[in-house]
Amino acid sequence: MSSTPSGPGLPLVPRFTEQGYSREQVRERREWIERQTGVQLPLVGSCAIPAESMRGNIENPIGSVQMPLGIAGPVLVDGAHARGMFYVPMATTEGALVRSYERGMVMLTRAGGVTARIYSDQNLVSPIFSFDTVADAHRFAVELPRHTDALRAQAEATTKHGRLLKVETRPSGRSVIVNFYYYTADAHGMNMIVKATESAAAWLVAQGIAPRFAVFSGLSSEKRASGFLLTGAKGKTVVAGARVPAAVLQAYMRVTPAAVVSTWHDSVIGHLQASAIGFNAHYANGLTAIFIACGQDVANVTNSSIGITDYELTPDGDLYATVTLPSLTVATVGGGTALGTSAECLRLLGCVGSGHAPKFAEIVAAALLGGELSMAGAIASGEFVAAHEIYGRNRP
Amino acid sequence: MSSTPSGPGLPLVPRFTEQGYSREQVRERREWIERQTGVQLPLVGSCAIPAESMRGNIENPIGSVQMPLGIAGPVLVDGAHARGMFYVPMATTEGALVRSYERGMVMLTRAGGVTARIYSDQNLVSPIFSFDTVADAHRFAVELPRHTDALRAQAEATTKHGRLLKVETRPSGRSVIVNFYYYTADAHGMNMIVKATESAAAWLVAQGIAPRFAVFSGLSSEKRASGFLLTGAKGKTVVAGARVPAAVLQAYMRVTPAAVVSTWHDSVIGHLQASAIGFNAHYANGLTAIFIACGQDVANVTNSSIGITDYELTPDGDLYATVTLPSLTVATVGGGTALGTSAECLRLLGCVGSGHAPKFAEIVAAALLGGELSMAGAIASGEFVAAHEIYGRNRP
Amino acid sequence: MSSTPSGPGLPLVPRFTEQGYSREQVRERREWIERQTGVQLPLVGSCAIPAESMRGNIENPIGSVQMPLGIAGPVLVDGAHARGMFYVPMATTEGALVRSYERGMVMLTRAGGVTARIYSDQNLVSPIFSFDTVADAHRFAVELPRHTDALRAQAEATTKHGRLLKVETRPSGRSVIVNFYYYTADAHGMNMIVKATESAAAWLVAQGIAPRFAVFSGLSSEKRASGFLLTGAKGKTVVAGARVPAAVLQAYMRVTPAAVVSTWHDSVIGHLQASAIGFNAHYANGLTAIFIACGQDVANVTNSSIGITDYELTPDGDLYATVTLPSLTVATVGGGTALGTSAECLRLLGCVGSGHAPKFAEIVAAALLGGELSMAGAIASGEFVAAHEIYGRNRP
Amino acid sequence: MSSTPSGPGLPLVPRFTEQGYSREQVRERREWIERQTGVQLPLVGSCAIPAESMRGNIENPIGSVQMPLGIAGPVLVDGAHARGMFYVPMATTEGALVRSYERGMVMLTRAGGVTARIYSDQNLVSPIFSFDTVADAHRFAVELPRHTDALRAQAEATTKHGRLLKVETRPSGRSVIVNFYYYTADAHGMNMIVKATESAAAWLVAQGIAPRFAVFSGLSSEKRASGFLLTGAKGKTVVAGARVPAAVLQAYMRVTPAAVVSTWHDSVIGHLQASAIGFNAHYANGLTAIFIACGQDVANVTNSSIGITDYELTPDGDLYATVTLPSLTVATVGGGTALGTSAECLRLLGCVGSGHAPKFAEIVAAALLGGELSMAGAIASGEFVAAHEIYGRNRP
């Protein structure tokens, strides 16, 4: 599995003309690493993704990995974009996860379905402009609004789909971080908007309006957890909620609405004690499983899983449950969405291609609500361990 | 892709005897969902994972998803467990990611390799015990240390591999959260230690020492981002670092050590402005790609990606670069580690099975260091966008 | 110092007609508590604040407390509002604090003075509107912009000085938090804007636009620490900075610019490790001392002390130092600003009354910069303990 | 109020032999600043604090400031240290604050009093030790436990009252932050333990165990807000709680227990949305007023005000209310505790001098609980604005 440096040169992964995306080149590369490490990779090699289609999605390809795919549902969604019943594809190796989400989704469907709404739909890049003095930085921030139209022209000249929505400044010493917010249609669009922002920022430098910049300041929180994400900074801000009658909750979860609220209360305290960001039971489980299945950028689970789950008693003694996802980054165009199994999974949801990202976002939010309720029910009823004994191998 | 509720019953996913893990049953289920949605799933069906082996890893299986797999490296690691050169398997659909990590790894190897060390190795469950009064809760916390041996006996009776390391209390009103810290060997071990903790907690109730508990308080931050994780709460606390000579940095990244430190400075300010947890450029990218490839619980990227990347100038004008990962949860036993392509990928690293989780952790940390340096270099040199134009399709 | 409940009634603090603000009534109340506790309060009684002037600033008055007052300076400020040299009054009992701030201020003056700028000037109240369903909440958020003029009319009808700047929504389950941002002139203005907001919110309910609200959601972070404050949520966003020549730094602090930057680096890591909000050495020390001296609401130090201190090397080898204070809440009108010694202290700064709050904010920021530099210098030079041995009694 | 630099020298505050703490020298200094600024300071000059007693508490003294003092209570406390009824001195200029706290305290007393308990009692300093490599840092952390006795001997040799409780390490790249936890008896003790820690750290360097250190890393969060403080890092961890019968709550607050719980729920959501640390309504108000009155280091409100307020319904329909204060730093010895009015205020509570800090901490926690309940009641009943109209002047 390892080797020592061979003389003057390192044993680099072989390079091919045109980057090596032919079926043959992928095989050659795989055989090279097999020789290099003495490990055989037959399953990696039994790849159903056409080699050439990997171009733009990965470098140094040697095949593919496979992960089990299950389906959970049906979940009835009453969204502005998603309407009807859906079966959600989930790729995971965590036993009990699909069953848990399915339980919640079916209960929600019995309860009358999930209402979902999108509040905002954007993505951002946050370059930092540096100046020699505090006075220069302040002057820049004061003057920047005058250049909004020019910045938009510069940024949008680089992209067919991105639209610059607004520009906001955040002073920081003798620097100014500028949040460029974009609408990116059905793509996640990071490459698109980084390129657009770099163009706009370079224009400011070329005009002598700012002396220098770095395209990333870290404020945008792409693929990182932060409190800033709670402002709805990036991606879609989606809320999903449902009234769950006490009888339905009892039938599916064997708990009362009051018990779920009490579990929420204890868990919120735990989150506060942990200096957690927001509050949720296990968004990451559902998001990861759906993102892997549907060709999303799975690393975006780190920002997408920031949010707040809430439970309230209604005057009638039922439960009103919600998830608020301020920075959900999902796409139905670009990235891995068109690749092999990803396209099939998106198609299962009727979410392939342009015009479907909002629908997909609403379905995801509804699915997460199911997962939250199922976990809360398992904790409140004390059945969590028992359930995992049945479905998880609990092997070690 | 959707249907309406059919009379009294919902169109539930079909149930099978023994949960339906035979090849035939997986096919039947897949065909059912194809009929239900009108969507064909040939690639999902071309599954190389033996159906029966999915039991315990997923429910309602209909096949598998495939994701492209690339290799990055070699990275030379000088760890306490991992020693030698490694090629790291990464599954992703984000163009340029593998190339970026590879660039950093090769540079680190040229620089003399990465030193990696593990500071702690544990996992925790944080049940909350509730009392009628503040005085009762306080009495419980004061008395709990007396019961440590009994708690250990109760907890360890449920598991062959887990060992209770310590028990700590966190007062919260009239409740007390108790952190049960365990050593879980080469498994992530959540099911194991939740079961053990439930047993120990139930014993406290049976003895009349506490009136009631809920097994999850939320403090443990499993699959969530929190400040508490920075204390090394869960998983392995791993540090990896390397001295990168200025000439090597220049050759690979076209930047000076001072430029990297300056980029770090700007980005830290951005993270502080964002109320981010810790500081990193894109741990989530590397972790997600490696976790998917190697059968890890990918949702754990949310906690594993908390950490701090640091750059310092040495007196000689070189760069000293480190990553500190306080809560890295990786496993070489249990979960999805033994499934098909996962086992092949772990084997590439010489990390299959018992005794290899620490080695795997050190390799992961070294790989992340490569990714951090590569990203920092791309930002500092202003080449980030250009690089993504070449490798990413930038399709939308 | 204590007594037991006396029969059916509790020994309540005596009530007086007109709330008891005459000199005689204050004395009677003081004598009552002396009898009740057996403790004499001669110094509390030697109060220079006219009794009647306490009305509106405190209830149940028994006299006044006294705290030592020192002066630090001069600090030369080049602000948009504050221009010239200032001696800053600081009330404290922490030995070495005034000397430390003085050292920093004098050094800054020698270095050419401090540039200060205000980026924004506002305060906010964040009521939460609750609905029966997610759909209702969403509809409200979508429609709210239509009512901006009406909300402004309602809000501004309650105040002579407050102006409603903007209204922003933050979705949260089936609720919507609405941030009402105001300009409050030279007052902190919380009472003013809470009243205005309640009026506007009540109008929304009266019109049937929302069914109910609570005037405080907690989001506004009044007198609490939060990441949200970094967005400049409340108070003035002020930045102060200065270039400190290496020779000046050496003369006053006996350290090099590089040593200060290195100390900053270590301390930022410590702050990240602590899940701190922002980064600073000891804003709270300077803010508290100035706020007590100048009749500010001292509890607002909790939000005002959120910010970021930054140090950078200039190309010439000097130090550029800044403080960024996003949510500094200071006033020169209202609250305790007109009371006895407070008015004298504000007068020392030329900051009494209307039109002076921005000037006061710039001076405060400049003073804090002095304190940050002095502390950084003491840490970098290793002289912190020695300095406190000289000036602090270090009594226990 | 300002002047220009006078030739080669700056107009520095006059220096005196022996630092200038005689009554005459304080007067001279005051007259100097009056001349310098043209502002008269008669009230600052009417100072009841003996000039010489200011030595060690302030530099450049020119007199004192005065702040109105009120009393709130009685609050009945059932603590481990504080037992009986107390009238709490509060210095403030925020109208309605004392009345609000008084209302809560009296209600708690009617409800049967407040139970208070201390969980831990410590303070810490967190030096950072830096090494050349990750391997060196790791070796240091592994070996440090062997030196615990020697570190204790070094540290405790510098102090009569401080005791080193434990030493914990936090890895950070090629550095290691070491938390030195001390018991500081009735003093806050920062000077004491910084000196002790510096001595211990210098010993490690002298022994060649570590090459260098800085005494402050920032992790300890002295006078700053951080998530780390929730672990009980510094000061006393105190919990206070009370059962408030529904009838008592109704009589005093005109609300039901359910309404208070509902307000808590909304406000917790607001805090989560704000990325706040912990949850409270207005600890800072009560802490600041008591700290100013009782000669505490008021800047420590920033860390002391971190905590969690909680409300729960009891099975009988009453309210159980608690405050959890993990890092309350209060003292009855040292700092400003012995100065003039401070000593009188502490005497009101029977908390002067050695042996009384725990008692004081329990009273403070009980007072804060009163303030939290009163604020929650005002929000829940919708009477907040009306109350401030009566008691606050609402002047601007």
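Order of writing sets the labels: A, B, C and D. Residues in every chain begin at 1.
One rule holds for everything that comes next: a contact is a pair of C-beta atoms (placed from the backbone, for glycine too) under 8 Å apart; a residue touches a chain by one contact, two chains touch by 3 or more.
All values derive from a computational prediction rather than experimental measurement.
J.: What's the overlap between the neighbours of chain C and those of chain D?
T.: Chains that touch both chain C and chain D, as defined above, are A, B.
J.: Which contact partners do chain A and chain C have in common?
T.: Chains touching both chain A and chain C: B, D.
J.: Indicate the whole-number Å distance between the mean C-alpha point of chain A and the mean C-alpha point of chain B.
T.: The mean C-alpha positions of chain A and chain B differ by 16 Å.
J.: Using the average of all C-alpha atoms in each chain as its centre, how far is it in Å between chain B and chain C?
T.: 41
J.: Would you mind listing the residues of chain B that make contact with two or more other chains?
T.: In chain B, 170, 172-173, 226-228, 268-269, 271, 273-275, 277, 279, 308, 310, 312 touch at least two other chains.
J.: Can you tell me which positions in chain A touch chain C when the two form their complex?
T.: My answer: residues 115-117, 119, 132-135, 137-138, 141, 169-174, 226-228, 231-232, 237, 239-241, 243, 275, 308, 310, 312, 314, 320, 322-324, 326.
J.: So in the complex, the part of chain D that touches chain A is made up of which residues?
T.: These residues of chain D touch chain A: 227-228, 230, 265, 268-269, 271-275, 277-279, 308, 310, 312.
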